[in-house]
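First the structure, in the form of structure tokens, and then the observations on it.
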Amino acid sequence: MPDHDDDAQLSMAAGDLAELLGGSLDGPADLQLTGIAAIESGGPGDLTFIRAAQFAKRWPESRCSAALVSEGIDIPGSTPGRAIIRVPDADAAFAAILGRIDPGIHTPPPGIHPSSTVDPEAQVDPAARVGPNCTIGPGARVGASAVLIAGVHIGAHADTGEGSTLHPGVVIADRCRLGDRCVVHPNAVIGSDGFGFIPPTEDKPAIRIPQIGTVEIGAECEIGAGSTIDRAKLGVTRLGDRVKLDNLVHIGHNTTVGDDSILCGRVTIGGSVTIGKRVMCGGSVTFSDQITIGDNARIAGGTVAMDDIPAGETYVGMPAMPARTAMANYSAFRTLSEFTRRTDKAIARIDRALGTSP
Amino acid sequence: MPDHDDDAQLSMAAGDLAELLGGSLDGPADLQLTGIAAIESGGPGDLTFIRAAQFAKRWPESRCSAALVSEGIDIPGSTPGRAIIRVPDADAAFAAILGRIDPGIHTPPPGIHPSSTVDPEAQVDPAARVGPNCTIGPGARVGASAVLIAGVHIGAHADTGEGSTLHPGVVIADRCRLGDRCVVHPNAVIGSDGFGFIPPTEDKPAIRIPQIGTVEIGAECEIGAGSTIDRAKLGVTRLGDRVKLDNLVHIGHNTTVGDDSILCGRVTIGGSVTIGKRVMCGGSVTFSDQITIGDNARIAGGTVAMDDIPAGETYVGMPAMPARTAMANYSAFRTLSEFTRRTDKAIARIDRALGTSP
Amino acid sequence: MPDHDDDAQLSMAAGDLAELLGGSLDGPADLQLTGIAAIESGGPGDLTFIRAAQFAKRWPESRCSAALVSEGIDIPGSTPGRAIIRVPDADAAFAAILGRIDPGIHTPPPGIHPSSTVDPEAQVDPAARVGPNCTIGPGARVGASAVLIAGVHIGAHADTGEGSTLHPGVVIADRCRLGDRCVVHPNAVIGSDGFGFIPPTEDKPAIRIPQIGTVEIGAECEIGAGSTIDRAKLGVTRLGDRVKLDNLVHIGHNTTVGDDSILCGRVTIGGSVTIGKRVMCGGSVTFSDQITIGDNARIAGGTVAMDDIPAGETYVGMPAMPARTAMANYSAFRTLSEFTRRTDKAIARIDRALGTSP
């Protein structure tokens, strides 16, 4: 639940909010809402969220003036002067409200800041917003409604897509392509060289394998701060549509990530990995090269996977195992030392009783 | 122990050094010290450090001219012309000496470099040092004695604090606040958006949850190179005072890190985690969302914690366990295969002797 | 095998290619090659690669016009109008071809872009290429044939070496030295401060230990995007020659990495670690402070090592163990829960049969 935040300016009547959210109002339509708060800490004027029965129980004592409630949850009692707004999904409604009160990020005006360097052979849409200290190379394309906040590098023949926002320090390297309406967070790198070497031997040093491919990213993707996506050795490292990467995620060369997949912080994907659609990875997951992760798979945080993971499965651990098995094994691991000692002891006891020996 | 370093110019008399460190001198006050070295490799003019008895034994044969010695350590024998300086703590004394001979980092002069872009509505103290290629947004504040070395981005209404040093490529995003006398290392990001999505289903894509909060960092914090700290969904992602983050650390949205906590390289903290005071995490630790780590807890490198860790405890492993239990279990794990085989064999042998079966 | 890539312009006759690669041609020297493709998906004009017998079996049905074949592999049958080029090593030959058709990265012309800031006391070779928005500090040296693509920061008295390429956002901090012909990928940081603190107590805050040493990097090293290498506390953090770091790798202060070692994505090395020559680490490996890894050691992805690893060994897991032992133990771990249950059950059964008890 959100904490109370003095800076969260909400300024709406309950009726207007219900209408905005497509919800049904039970209470005074003219009740003024001024803030958002947790149910136990808010006060008059605050809107809170009730998404489960455990929170509903606190409504009578709460000092909040209004609540967004997910359908199917009973609210015990009600107080005149307070409002309940029922919506299909309180989480989605919360997201809508946050979007409404979001102060946003300051962006440069349309045009190109004089401190930026744009190659004569680049194409920058006149409606694009290119802030200070950017560099845009020959043949690069910056689409309409693209926003480069500051210090962004667009390499030769690279493409920002339409309507994408690139935060400070982002690098889109030569020939790489970002889809439309993407958001790339500070210092992320798209198109660094893939990591390819024929390993050294006692007699010869490593041979570097040139990485001559590109990165192509679909529409409405988000790339977290400091994340890195390598260009392919040959061909394309590809993200589908609506892929979301958290911070410090690494995608190796020639990997494909399917539509709607979500990779949390510090996930590390090797090269030539195939990730399906709607795959969700917790933080710090590691995938070895060349494995395949099926659609709708869910991978718990900390997992290290060196083999394929089937579609629809939930995998956990190192090595990655089906969740049920992993939980059972890790549970046994918590008492492994005690188990080995008592088992050794029992076998010794039994051997003495039998007069046998190993 | 420090290695000998030709570049470590020390140029002090032993007596002056003893006075600087508040230590007691046994030996000639006018003995000239010219370098710092390990006890077994140094030579005339070198100062060395004796922090434990094992090093004290090497003093008679050592060619070093002087030694800093922690109180309570006996030095066998002594040589005319050599000096012993006793201090309460040789490590702290070493830190003081390094500080004295530190060449430091070149900083720009007071003022704003002409290549930087400062919004007319920003407030930059005249004594602040803003180097080349920085961007400072509307309503931002750069305090007195703040140093922005080069290529730093301060977003709208962000605040550097007084006396902080921001290395090249650092981003302090809109509305985020750095405390006084902080150091932020190259390419670190403060205030990237938190990672919040209502997960996709077969029928609907993910819904992005706007991240409208901020980051607030206390005084005398250090943020390592490439580290990322996400702004809160609503409210504040908060670091207390004197928090130290190593490189490539990730702090998720709405997390709180208590005073004096130390997080080593590549630690990854999820969202809404509460970390107490003086918590120490080794490298590569991962914390899941919404857990609480009590004051003075110590978390060994590589640990993956998905549940609360009590105050004062030392936890190890995946899953995180109390240290004693973890060490015992990992010790048993080292011979698990052998144990399972001999146990299966013993049970089969016993069954044959008894004429029983599973 | 490489995927077919419309953008991979190959335009060579088979005879010329054989000559370029030092291979022997079996087939028409004037056969025109226009692309590179996988053996099962390519078409007329495509060159493919056969590095193992399993691929050789597909040659008769393949529509590719030519194949590079590693020595020692039999090709069943042959078709007039198609070419086989035998080479000692198909992988090395592939690397050579990629190098030939690599479009490369756009670089600035020789000289210093007017938007860059170069200290009067810096030495920039007239043949060096310094792109937009770079900063070069007093006493820094930028060697002949060095390329700073854009937004690169070279600190005071730092040195790029000769012929090195530094991608956008790279930071080489004060007094650090890059060897000749290195490549540093976007947003990598060389010379951030080491992480050194005397830990806090209940009564006293942490004491910061000044990090006054440097980083020295050998020749022909590659440093991946977002990687960070800390300067030494005193002395040098050192990479040998031809060391290759993937993305988001962290090297702690005073660590030494020997010639020809290769560290994959997200490897995290603590402080004062000694890594030998030709050591190979898979992704996400973690090394604790002060351990030694012998020459030619191989460390599997995900491994967490807290103790020395001997030369020539392959280690796996957490804790790091010799590979054979690790594989056996992790194999046993996959069925640990089942094993503990059946073992407890068997012992109970035996106790009942014997009339004994624990």
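When the chains are written out, they are named A, B and C in that same order, and each has its own residue count from 1.
To be clear about the criterion, a residue touches a chain if its C-beta (ideal position, glycine included) is under 8 Å from a C-beta of that chain, and two chains touch if they have at least 3 such contacts.
In this text the structure is predicted, and so the values were computed from the model without any measurement.
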item: Angle (degrees, nearest 5) of the CA superposition of chain A onto chain B; value: 120
item: Interface numbering overlap (same over half, different under half) for chain A and chain C; value: different
item: Whole-Å gap between the CA centroids of chain A and chain C; value: 26
item: For chain A, residues that touch 2 or more chains besides their own; value: 115, 133, 151, 169, 187, 226, 248, 266, 284, 318, 333, 336, 339, 343, 347, 350, 354
item: Partner chain C, residues of chain B touching it in the complex; value: 2-5, 7-8, 36, 89, 91-92, 94-95, 98-99, 101-103, 105-106, 113, 115, 131-133, 149-151, 167-169, 183, 185-187, 220, 222, 224-226, 242, 244, 246-248, 260, 262, 264-266, 278, 280, 282-284, 301-302, 317-318, 330, 333-340, 343-344, 347, 350-351, 354, 356, 358
item: Complex interface listing, chain A residues touching chain C; value: 115, 117, 133, 135, 137-138, 151, 153, 155-156, 169, 171, 173-175, 187, 189, 192-193, 195, 197-200, 202, 205-214, 226, 228, 230, 233-236, 248, 250, 252, 254, 266, 268, 270, 284, 286, 288, 304, 306, 318-319, 321, 325, 328-329, 331-333, 336, 339, 342-343, 345-347, 349-350, 353-354
